[in-house]
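Here it is: the structure, laid out below.
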């Protein structure tokens, strides 16, 4: 995968996560500053926890102001159009899924570079992709939605595992495209066909 | 104390914390993935914060997949038996107390090794033992139970202080057994005799 | 600015933040231990996150027991007088604003020393000053007040930016006094004249 494609996915993912933060924050009628913060933590929360856990400090967004700039720009553009954006739900969902796929693979790659156990690499990728949404929900005083009905952690685990296996015999770009596609397809399938985790409660 | 005894305590504590996470998460009807996450953060939350604070990164569970394996195994075994496990409340309470005692001592030891002030070592031990439960409660949108009626932070402070003092003139294994016993006995005493912190509110 | 003045501001800020934690915790009827914890995280939360983000570990309060000592002393003195302290609201507000100003400048300075982008330095200063209050509110199961109606993040951004610019052509002490004064004045102005962030919702 060309470095530019990775860059585009990183930006798309950051923008999609920031937008999901704006919409959630405006739903709770936060003020401008609150909306910016929620957009920010949604977009950078997962990567921040990932960098904390492996000790790659200062964390990514502290070293590179582009993330902050992209997020603030996204917030400024999103706020006036927040009602219209709801109509772009399908586009947003696609961006969001691409972002999740991308962040999963980056997390797995960072784990491999740090020399971690393969299983931990997959956990790290999943944490990178999911934690931003978790902290968004905690700050807004909701039980994280991922704990209730989202299947996307499963998508991250599947995509991350596939990357781990496939990257050892395929070229990295092919392995990256393949793994991100699996994350996106599982998410789409989960929504369209209402896939759910097995019920663990007695009827 | 033989290294194997420490290992057994570590496993017992991790299992007990993971079980307490499973029960709390099922109480809120989370899905399978949510239950795994809550079990996970309950079991590794305290140690993770401890390692962040002193800069011992990557954190322990990232370096060693055993924790992840033990926790997932515990979740898988606990879920089908969650109603029966409630009947094992006394056994669980003992495991949990052993785990708290163990995590307190490990935190104090890590503080000593890092060359921290004795008072900070005790704080670090207490944080290690208590923070997993705090983050479990935050994620489940409860005010942490430890802030309301649990005396176990006091037990950690007492046990941690005793270890700090006793380890300078007793052999380490004796000092460890003694301190962990104090934590366990204070918790048992607190429940049996309804010990409470002094009331700070005017009647 | 003389080092003693910085020290006094650090202590004043820590005390003010700890008191705000005590009052918020007693409002929710937490027990003694809960009150201590909330006071503690309110006072050291912002600096802890700052040190995590830039990788300056162990974090400040772990290396220096004075913070812990000051906070516990503050809690012990505050608890019996908690109702009377409410009458000192104006004094507290001033201490609190001084503390916010001080923590903002320290965050910006640490960012500069780490060689970060100026924009990130301001973000770091703002995070240092605001995050303690955010984590206090999360632990007490409130939506952080800063997301709803407090203008003080804006005060931090203004003061932090001013420090960044002015410190390049004024002496550091002058620049510090100036920037902290701006933070304090914006907060006072915001309360007196009911300054608000622009409304982002359609009427």
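Note that the chains take the letters A, B and C in the order they are written out, and that residue 1 is the start of every chain.
We adopt the following convention: a contact is a pair of C-beta atoms (placed from the backbone, for glycine too) under 8 Å apart; a residue touches a chain by one contact, two chains touch by 3 or more.
It should be emphasised that the depicted structure is a prediction, and the values quoted were computed from it without experimental measurement.
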Exercise for the section: Write the angle of the rotation needed to overlay chain A on chain C, where the fit uses Cα atoms and the result is rounded to the nearest 5°. Expected result: 120
Exercise for the section: Determine whether chain A and chain B, two copies of the same sequence, contact each other through the same residue numbers or different ones, counting it as same when over half of the numbers at the interface appear on both sides. Expected result: different
Problem - Whole-Å gap between the CA centroids of chain A and chain B - result: 31
Completion exercise
Residues in chain C with touches to at least two other chains are numbered 52, 55, 57, 138, 141
Fill in the blank from the handout: Listed in rising order, the residues of chain C that touch chain B in the complex are 25-26, 28-35, 37-38, 48, 52, 55, 57-59, 61-65, 68-69, 79, 138-141
Completion exercise
Note: in the complex, chain C contacts chain A through residues 52-55, 57, 114, 116-117, 119-120, 123-124, 134, 138, 141-144, 146-149, 151, 153-154, 196-198, 200-201
